[in-house]
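There are two complexes below, and they share chain A, which is joined by chain B in the first and by chain C in the second.
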Partner chain A sequence: MKTKALKFLRYATMLVFVLTVIRQITGATDLTSVGTASAALLLSVPIVLAGLGGLFSERSGVVNIGLEGMMVMGAWAGGMIGTKHGPWIGLIAAIFFGGVGALVHAIATITFGVDHVVSGVAINIIAMGLVRYLSTLLYKSGSWLGPSQSPDVNSIPTNSLPILSGGQYFGWKSPDLLGSLAEKHWFFISDLAAILRGITGDLSYVTVIAMAMVPLSLFVLWKTAFGLRLRSAGEAPIAAESLGVNVYAMKYAGVLISGALAGLGGGFLAIVAANHYQENQVAGRGYIGLAALLFGNYRPGGILMGAGLFGFADALQLRDSASVHALILLIVVVLVGLVVRDVRKGKIVKAVLTLAFAGLSLWYFLAVDELPGQLVTMTPYIATLLIMSLASQRLRMPAADGIPYRRGGLR
Partner chain B sequence: MSVAVELRHISKRFPGVIANKDVSMSVETGTVHALVGENGAGKSTVMKILYGMQRPDSGEILVNGTAVHFKNPNDAIDASIGMVHQHFMLADNFTVLENVILGSEPRHGITIDFAAARAKVVEMAAQYGLEIDPDVLVEELGVGQRQRVEILKVLYRGARILIFDEPTAVLVPQEVDDLFNALKGLRAQGMAIIFISHKLDEVLRVADDVTVVRAGSTVAQVKSKDVTARQLAELMVGSELPQPSTHGDTRRPEVTLALKDVSIPTQSGSRDLISHVTFNLHAGEVVGIAGVEGNGQAELVEAIMGLREYTGVIEFSGSDMNHLSVAHRRDLGIGLIPEDRQRQAMMMESPLWENRILGHQRGKPVMNGFVLDKKSTIADTKAIMEEFDVRAPGPQTLAAALSGGNQQKFIVGREMSKAPLLLVASHPTRGVDVGAQGAIWEELRRAREKGMAIVLISADLEELIGMSDRLLVMLRGVMTAELDPAKTTPEQLGSAMTGAA
Partner chain C sequence: MKKIKLSTLVLAVAAPLAAALVSIVISSLAVLASHKSPFDAYKTMWEFGTTSSSLMQMLNTATPYYIAAVAIAITFRAGLFNIGVEGQLRLGAIFGAYLGAKFILPPVLHIIAIMVIAMTIGGLWAAIAGYLKVKRGVSEVISTIMLNSLAGGLSSYLLANYFVDRTTNSNNMSTKTLPASGQFPDLMPLLNKIGVEDQPGGGVYGMLIFAVALGIVFWFVINRTRFGFELRASGSNPIAARFSGVNSKRMTFVAMALSGAVAGLAGLPAVLGDTHAFNMGFRTGIGFSAIAVALLGRNNPTGMAFSALLFGFLEVSSRSLELIDIAPETYVIMQGSILLSSVIAYEVVRRYKITLQSKELAKAVAA
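Let's turn to the complex of A and B:
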């Protein structure tokens, strides 16, 4: 465990260093600015929550394509209840509504043995139709201004890591060491400080809670008896049943936790990332959460990395299209790194292919000064696709994931 | 010694079948008690009843002298009965430790006390001679080690009465030795062990007592030191064992199959896989190909069926068929019983009627013009099942649900349904119980009398000698000898196969 953490720190530092060098070369200052890091974190949170939702469900053996729909339910409930009763109650409503969507999925897949993908897709479609319908009713009754947008929700206060990133604690104003360091423009040190300041400063309390879900999931799934049993339902349900584990209960628990997390993710979008519910607010983040789950190889830490990557790419394209151009150079560096790894492992064909792709990217970087706007908007999705195709080599999904289970398989 | 488990007059019927009728047995502590019987004789049902997976219709179970009524396996576990399943019930992506403690984890507050669990498992493993690394993933373990994990699982839950369901079926000989040593260790610790098997030599090696079931009833309980394998086998089938034999000479003058100088070169150009094989096979004749496995028999079959490129000429009923495809060869009237029935002859996850189609997809009764005639296929499947005594609920049953013997009988029936002129039978009775073995021999005998030519490949020397009219010995792809089975003993044949004679 210790060595893993050290390894992670080493890679993270290396990555920041590479980003710094690229910033220096291209002059795209937003690559390592406080604002980018902060926005990246904000954009990552819903994806982390969706990914963790997927984790609980799939670890218990139920494929959950319905995450998207559950997030939509959560976002809508967050906007609708949050408007009336304040943001915290809104978030609880979001969790509850996500759970309701999950309950439907659980009853369909676990109790009635419906194909998991079919049920999940149905939930996505129903959720979108349902919230549109309810929104229209609210609009007609006069409580909403339009059928696709809720009134504003009060915001949840933010705070920062004391001493390092500033913030207010019981009336005491903390110094902002990282912030002042970030403004010094010292090569690498200021870049590192800026990124750290971005992800530790001006955080919504909800962001802190959401990020705490990552280690919490790790703890629950790998350190408790409940987690072991839940995972056994996804790996070998018949074996689990033969040892007296209530597989149905574990699967229900997994799917319901999944829905609650996805609902929270939706609520976060409506209440924290924006200040109202809006139609199409979720915009495929449930699916991207699933992609992060696969990228992270069904582990919480991996999900965090996948979501962070997406969030970073998304933040860049929102803030500054010039730095997306610089991002191509980062891709080149990563690809070259992969080439070195492949050559060491003796996978020559793969190395040559990757090298060719790296060369192509480099040529594109040099030849094109500014990316077309459509391509810029696509950045996070392209980044997801690219990383998925490079990373998903040793995917290990739960052995009985997606396979309908009937009690009495022992006989 | 006290009695650990006693079954008294257990009966169990399922819709349409009586699985168990008046089963009684008594297992003493500190012994290994074997339960033997043919496939389908009801061994498994007895054990499922004892393990609480099924409830008996009548009769009683006594554990350590007190009557018990199990509703589910958990009740049986509570009564210190444990089952080591034939198909391992393990999560591959879990460590050994996680697999062992799953369902009864030691707690430490809200977390699992992994340290205590590890200590207990390591101690148990040492005590019973089942050493294993508790922190390795199960997927990295071999079959024998996985079985150890299963045994540890059962012991961890405090079992004193252990049921082993065909434990040696998946093991290689070395692993079988290890298992038997472990069983002896467990016996020395005062456990009662019930060992289900149909491999009689193993039963006699490890068991103290033997209970024989036939057709759902227990027919005898004997001490293993008082019986021979042959006596046990006869108790199992209820009659004299079937003998591989043929009567008289049914050879007809016409030559069904002729191989002339057939060779299969290897790609690397070294020694030929089979080299200059020449022989004639008459109608009504059985030619046995003897040889240690891997000496070219499989390649010979593939050449005859057209599955593999060869040089030389293969003639069928007098005409050259070198350029005919597999399908054409089968249409001419060549049937095949492949050596690996599960991989080469069946789709295990498909119903029997779909399996009926394999190899017969080009004509009646499967096809009606261009359309698959499901109705007549199913009817024909039913007919095959009746004629060849395939014991299964019906044509819709999945092939995987049948025992090996019934699968093989079905394959034989399928190949015979077209009344082929030539049958290539590769290990036709390998891994099937004695009843099915006798039935398959009987089918081959009948077909031979009707004039079918048979190429018989087998590792069972008695079968080869008994069934063949002529024996050809194959060694490193070359026909090295031709023997008269009437004047050959298994010992002589064995030494000819290894090239010693």
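Let's turn to the complex of A and C:
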């Protein structure tokens, strides 16, 4: 465990260093700014929650493509209830509505044995239709200004990590060490400080709660009897049943927790990331959460890393298109790294192909000064595809994931 | 023996019937929630939906749904799931419209050329997902969804920067209008001959004929050819398929590409038959509704035709709900509840059938 954490720290530091070098070369200062890191964290949270949602469901053996729909329900409920009863009640409503979506998925897949992907896609279609219908009703009744947007929700207070990142604690104003370090413009050190300041400063309390879900999930799934039973339902349900585990109940629990987390992720989008619900707010984040789950090889820590990468790409895209342009250089660096690896392994043909692709990317980087807006918005999706294609070969999914289970082995 | 046959018949009807009942109950509840009478709603929808003008629009709505649903069914039969039809049809349509306006060919050939372009583009786009699945093990469900978002951004980028027709000054960005040889003739003249009168804003896409033909070809290829057999085999049992000499990786790739090629055509009915160009108003969501159509129709050519027509009917007829102050979006609830309840009903009936069969078998063995 300790070596894993060290390895992670080493890779993270390396990544920051490469980013610093690229920032120095391209002048895209936003690449390692406090604002970018902070936005990246904010945008990672919904994906982390969706990914953890997928984790609980798939560890219990139920594939959950319906995450997207559950997030949509959560976002809508967060906006709808949040405007009336305040942000915290809104978040609880979001969790509840995500859970309702999950209940439908659970009934269809566990009780009736419907194909998991089919049921999940059906739920996505239904959820989007349902919230559109309900929003129209609210608009018609005059409580909403438009059929696709809720009124504003009050915001949830923020705070910072004491001593390192400032903030107010019981009237005491904490120093902001990282913040002042970030403004020194020292090569690499200030960049590192800025990124740390971004992810520890001005945090919404919900962000802290959501991020706490990562170690909590790890604990629940791997250190408790409940977690062991839930995972056994996803690995070997027949064996689990023979040992007295109620497999149906475990699967129901997995899917319901999944929906609650996804609903919270949707509510986060509406209440914390924005301050109202808007149609298409979720925009595929449920699916990206699933991608993070696969990238993270069905482990909470991996999900966090995957979500962080997507959040970073998304943040750059939203803040500053010059940084996305600089990101192409990062792709070139990664590709060159792959070429070196392939040459060492003796895969010459592959190396040449990769090198050609790297050359093409470099040419594009040099030829174009700024990426057009429509292409910049595609960044998170391209990042998802690239990361998935580079990483998903060593997957070890739960052995009985996606297989409809019948008690007593009936089909 | 006769008794079994009767029960199979009952079971075959039971699933759709139960699903229809459940969805009517759910939709009625939705209408009741807005303090309106469901009965009025259905009556208004039926009266409006059965006028000839509405029926024509129903056919026009159903045509792209059907083509896209066939595309999805191809992957379903191969044990895959192409959710990327939305993106494939969008790119197929924009490239077909843009490139198709660049040349002039004799009438029929021109349309065929545009179709080939759309199929190529759609097929290549889907092939990315097929390649990633086969070579890198990336789930096609996720990659096709990402490709959808990419196709959306790419098409608006291409339209705004390269494909837009700058000779016309319009707020609605559009590609150049297709020459007459590239426009699919409307079915209206034919319908006139059999006594259907012209309707304001009416007309039936000529690609309806093509969609019907596509359904027949799909049925034939899947059920009556070696290729279709191998496709189904690699879908239902990849290991057994491998032992009987089917390269299931190759089939996966081919199925994705083929599905994308068919999907590329689904945007053409409106482009070739109505707007004669690709513009900003290009309909979105066809690919997603088509998933529902394919699921509801059980990937069966006839079943999908019925469900495409049903979806078209609900969409068109629900516009009349505005007249009696009910949100037309009610149709989404209807479609969704039909989809979910039928998916569950089919599964329940399938399982009941198996139980029934094993009971019969037990009886036969005992006797």
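Keep in mind that, in the parts below, the second predicted complex is superposed on the first by the 391 of 411 C-alpha atoms of A that agree within 3 Å, B and C clash if a C-alpha of one lies under 4 Å from a C-alpha of the other, contacts with A are read in each partner's own complex, and residues count from 1 in each chain.
Quick note on the criterion: a residue touches a chain if its C-beta (ideal position, glycine included) is under 8 Å from a C-beta of that chain, and two chains touch if they have at least 3 such contacts.
Bear in mind the structure is a predicted one, so any value in this text is a computation, not a measurement.
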Which superposed partner A:378 touches (first chain B, second chain C, both, neither): second
First (chain B), second (chain C), both or neither touched by A:398: first
Contacts of A:244 with chain B and chain C, given as first, second, both or neither: first
When both partners are placed on the shared chain, which of chain B and chain C touches more of chain A: C
First, second, both or neither for A:3, with chain B first and chain C second: neither
First (chain B), second (chain C), both or neither touched by A:228: first
Set intersection of chain A contacts, chain C complex versus chain B complex: 410-411
For the chain A and chain C complex, residues of the former touching the latter: 65, 104, 108, 112-114, 117-119, 121-123, 125-126, 128-130, 132-133, 136-137, 140, 283-284, 287, 290-291, 294, 372, 374-375, 377-378, 381-382, 384-385, 388-390, 392-393, 395, 410-411
Chain A-touching residues of chain C, taken from the complex the two chains share: 30, 33-34, 81, 83, 132, 136-139, 141-143, 145-147, 149-150, 153-154, 156-157, 160-161, 288-289, 291-292, 295, 327, 329-330, 332-333, 335-337, 339-340, 343-344, 347-348, 351, 354
Chain A to chain B touching residues, read off their complex: 219, 223-225, 228-229, 231-232, 235-236, 238-240, 242-245, 396, 398-399, 410-411
Contact footprint of chain A on chain B as seen in their complex: 48, 53-54, 73-74, 77, 85, 89-94, 98-99, 101-105, 107, 110-112, 153
